[in-house]
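First comes the structure, then the notes that go with it.
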């Protein structure tokens, strides 16, 4: 069955969410991935939203992280500190983030493009909850299209911590040990992190994508996993559920670049 | 109209509560004083209880600081941190405390009698909320019978801060500036604090009580206000309301020693 | 290095001194009086040029839109803003050129809807001075203030440029030795919160998520409450565990039905995505934006006129059906 | 001087290390499974000799009495206790000689009702090692743990012997320089809380004041919930803003009607002052106390038998009338 790049990323992201775990998501593709996971391999996944929604039965895709869908028939409707503190306490397994730039250590920029903080070329929204979630959740996943403007040697601004400058840097900065970047799911490949160097390491390449494409679309040197595989495509079942139940109005899955 | 010493203390305490102020009280006489104040000179006094009750319409005297009377038809039913933080923020004007011992700086002991902490002669309940309230509320009042066992040169244990060792000591310890002991209302007199020395200073002596009685019943040297007065007795109206409306079952007012 | 970083650090717009705040709160009235006034008077009397304000809700959800409009209408200037998920609220205030400094956690974006060109320009030109934080950090800064302590420790921002361009300091834990972020208490001059129900004294109830409003209400030195509906005082006392904000935090109460429009109000009405799109589109040219602002804010007398212009009582039932998932309406 | 004071300081019974706690919580199950078991099994499986426990409610209000009795009945030993307004709960545990160490804020007293001789003796003989705190301090120690940080600053205990005989450290504020109490996070091994309603997964609702249970539930590594009544899961989802404790904090759920007896349960039944008086009186001699404990706890099979012995279904409606202020019953 044919699929577009957003559909592919959502299906791959969903597979990375273990059942009986807790995830904090934003709106859009990450939320679609969490919803798809609930309807496939992780029926008991608990979804939290940073504004306070906990374990809703999502009737449709939320538009805002704080809209009423995020706590529709929820287990609890709390507060932002409640969610952030649940993360800080060590109860939250996953989060999904995005950003305008990402470097090889998984550091993210969503603050500004340019070199002068006081006169940014482009002002972006800032951390929002991203810095908090990447600091506090056990495993941070990123879903993003892959191109040299996004995958950069050095972020113009490190809004949100990945592995910072490499091994030991998170712990040295005071961030909770054992937390950190986990996967980057792009339109070209699935990336993990090399344990020794904390650098991005390609784990599987999507069907019909070449290594050269990855190199060209990445502004830093990628590491390659020894047993590099071809990403297994979305199943018909995954695509059917995604299209029919998760995003019937195609708000998210129509946005493929 | 005749009255006993508890009735007298409650009436005097009630007069010290300004209208449109906020007070945290415990059960017993302090609560009776706050209720009497609401029915006389301070109809808009807001009563808080440390377990979370805020602004109840008290149907009768609570037995516990956390029983359901403390939030009967209340403005809010919150939590203990909520109450303590309201005090810490500077929103609470008064609190009432008691204790087994009090010294001339208004320090209170409700922890133990004896000299060896690990083998106390008498183990008492401990701070409860007393230390918190005396640290954080603007004005601390104490209601107690006056005798040499209670009014001591040195507390066996300072559970709850008065002025500690005297001028500047609270601030040096880190306690909020401007907070501290305000009045001690006993069965013999009303005591304030001398601004310069932070020591107890008698303000008015109850009718038919002599200075000698005060001296004999106090284990330290009392200061005397220059314009020392005779305490004005409870009015008939105060006593009527106290007996008929505040404590009709005489739970508190029957306990005069 | 430490020194070098210091020079890049942003400044603390508000004093985290808990003792000074205590002095203020000591004299804040505890009078349980009728605080109902108009939006116009509340903004006139309680918000002054130069004040630092905090907005409740979450960007396009449960926002005090009427007060935000009135701030623009009265052309308030040089406001400081807590940019705690400031989305449509930031967009409104930027359109009115009301803000000159901001503690940023999230600004200029409207989540999935896109970015506000007008808000961005205000930052890109340096018109608004920014200091960086995160949503969690600002939430905890309110909480520290609500708790009456000058800072709260947390484990966020550490190691990033977000910290470098914030005014945050690091401290070691006295028990475990780990490095912690010390987040300074944030006491806004004025808080503005839209709630589901309030009595005339300001005792307020919120349904669903509270975001950070329980803390911000307590942290703010002055507090304006707008409510979907006023309810009798007795109703508050019937369910005291529903009171999120007690009256003594509150300085003004205004009944503003549809007061979060075009934002979402849980259990009441969904966001008006059409109107939000119209607003974003109007930002494409200065002329269009001016016209838009004239039409909807400067030339309207009050929020009710704005509601009429944007669909009025005809549109509201549709947003209500969307919110309540009636007739299979979807949220798009 | 500082050194001298150090030697007098009490010890930290529990590790405030947030990283170690995170490791524990990382592996705590998130499975939303039916957690309903018996009180007997819950105590057997979740509370071990030597554990440090925390009790919800407020001494004689909304206390998990059935679990406390079962701890005594199973003769658990060497428990640590958070003495956060531990009144009747302390009295029960002291009667069973279950506790050997205690973070004290309020113990041995039953508020206006008087002092428990048995509990006092346990402290006076040194059988229970005490470390001093205040109610606020213990509340904030739970809160620090719930927040996932190793300490919280506060402005209490400073300058007193309460601090001297605590394990609290002082720190300077990095912003204002003032001296603050740093209260170490308290992560109990087991929390025990009685609530109004819970579903089989542990999602719990409480009516009225929460005391410190929202924080303690999150701080505790294992959590036992007793509930006046179990409700369908759908009921929880009908009003999500009423959920005080989410299921993933909870390890066991037991329906125990009248579970706070002889304590007060707001909106359900008032405290049984007669029985509490009987208990205090029984403490006057060792023989009487032994007889009392035999009758009510050691020779009863479970909490229901205790309820029967103390008046059973005949007494409960009277306590309910007292609670609801029906027929002019007064609370005495």
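Brief remarks follow.
Order of writing sets the labels: A, B, C and D. Residues in every chain begin at 1.
FYI, contacts are C-beta pairs under 8 Å (C-beta built on N, C-alpha and C of every residue); 3 or more make two chains touch, one makes a residue touch a chain.
The structure presented is a predicted model; accordingly, all values stated were derived computationally and were not measured.
Separation of chain A from chain D in touch steps, taking the shortest path, is 1.
Of all chains in the assembly, those touching chain B and also chain C are D.
In whole angstrom, the spacing between the mean C-alpha positions of chain A and chain B is 57. Distance between chain centres (mean CA atoms), chain B to chain D: 28 Å.
With centres taken as mean Cα positions, chain D sits 38 Å from chain C. Shared interface positions of chain D, i.e. residues touching 2 or more other chains, are given as 18-19, 148-149, 154-155, 178, 180, 208-210, 240-241. Residues of chain B in contact with two or more other chains: 71, 77-78, 81, 88, 136, 176. If each chain is drawn as a node and touching chains are joined, the picture fits none of the line, ring, star or complete shapes.
Counting only pairs that meet the touch rule, the chains in contact are A-C, A-D, B-C, B-D, C-D. Chain C makes touch with chain A in their complex at residues 8, 57-62, 83, 85, 87, 104-109, 111-113, 115, 120, 123-126, 129-130, 132-137, 139-140, 143, 154-162, 165, 170, 178-181, 208-215, 264, 266-267, 270-271, 273, 323, 325, 330-332. Contacts from chain C toward chain B in the complex involve residues 18-19, 21-26, 28-32, 145-149, 203, 218, 236-238, 240-241, 243, 246-248.
Those residues of chain B lying in contact with chain C across their complex are 20-22, 44, 46, 54-57, 71, 73-78, 81, 85-91, 93, 136, 138, 176-178. Per the touch definition, chain D reaches chain C in the complex via residues 12, 16-19, 148-155, 169, 171, 173-176, 178, 180, 182, 184, 206-210, 240-241. Chain contact summary for the complex, chain B toward chain D: residues 26-28, 50-53, 59-71, 77-81, 84, 88, 107, 111, 117-132, 135-136, 157-161, 164, 169-170, 172-176, 248-249, 251.
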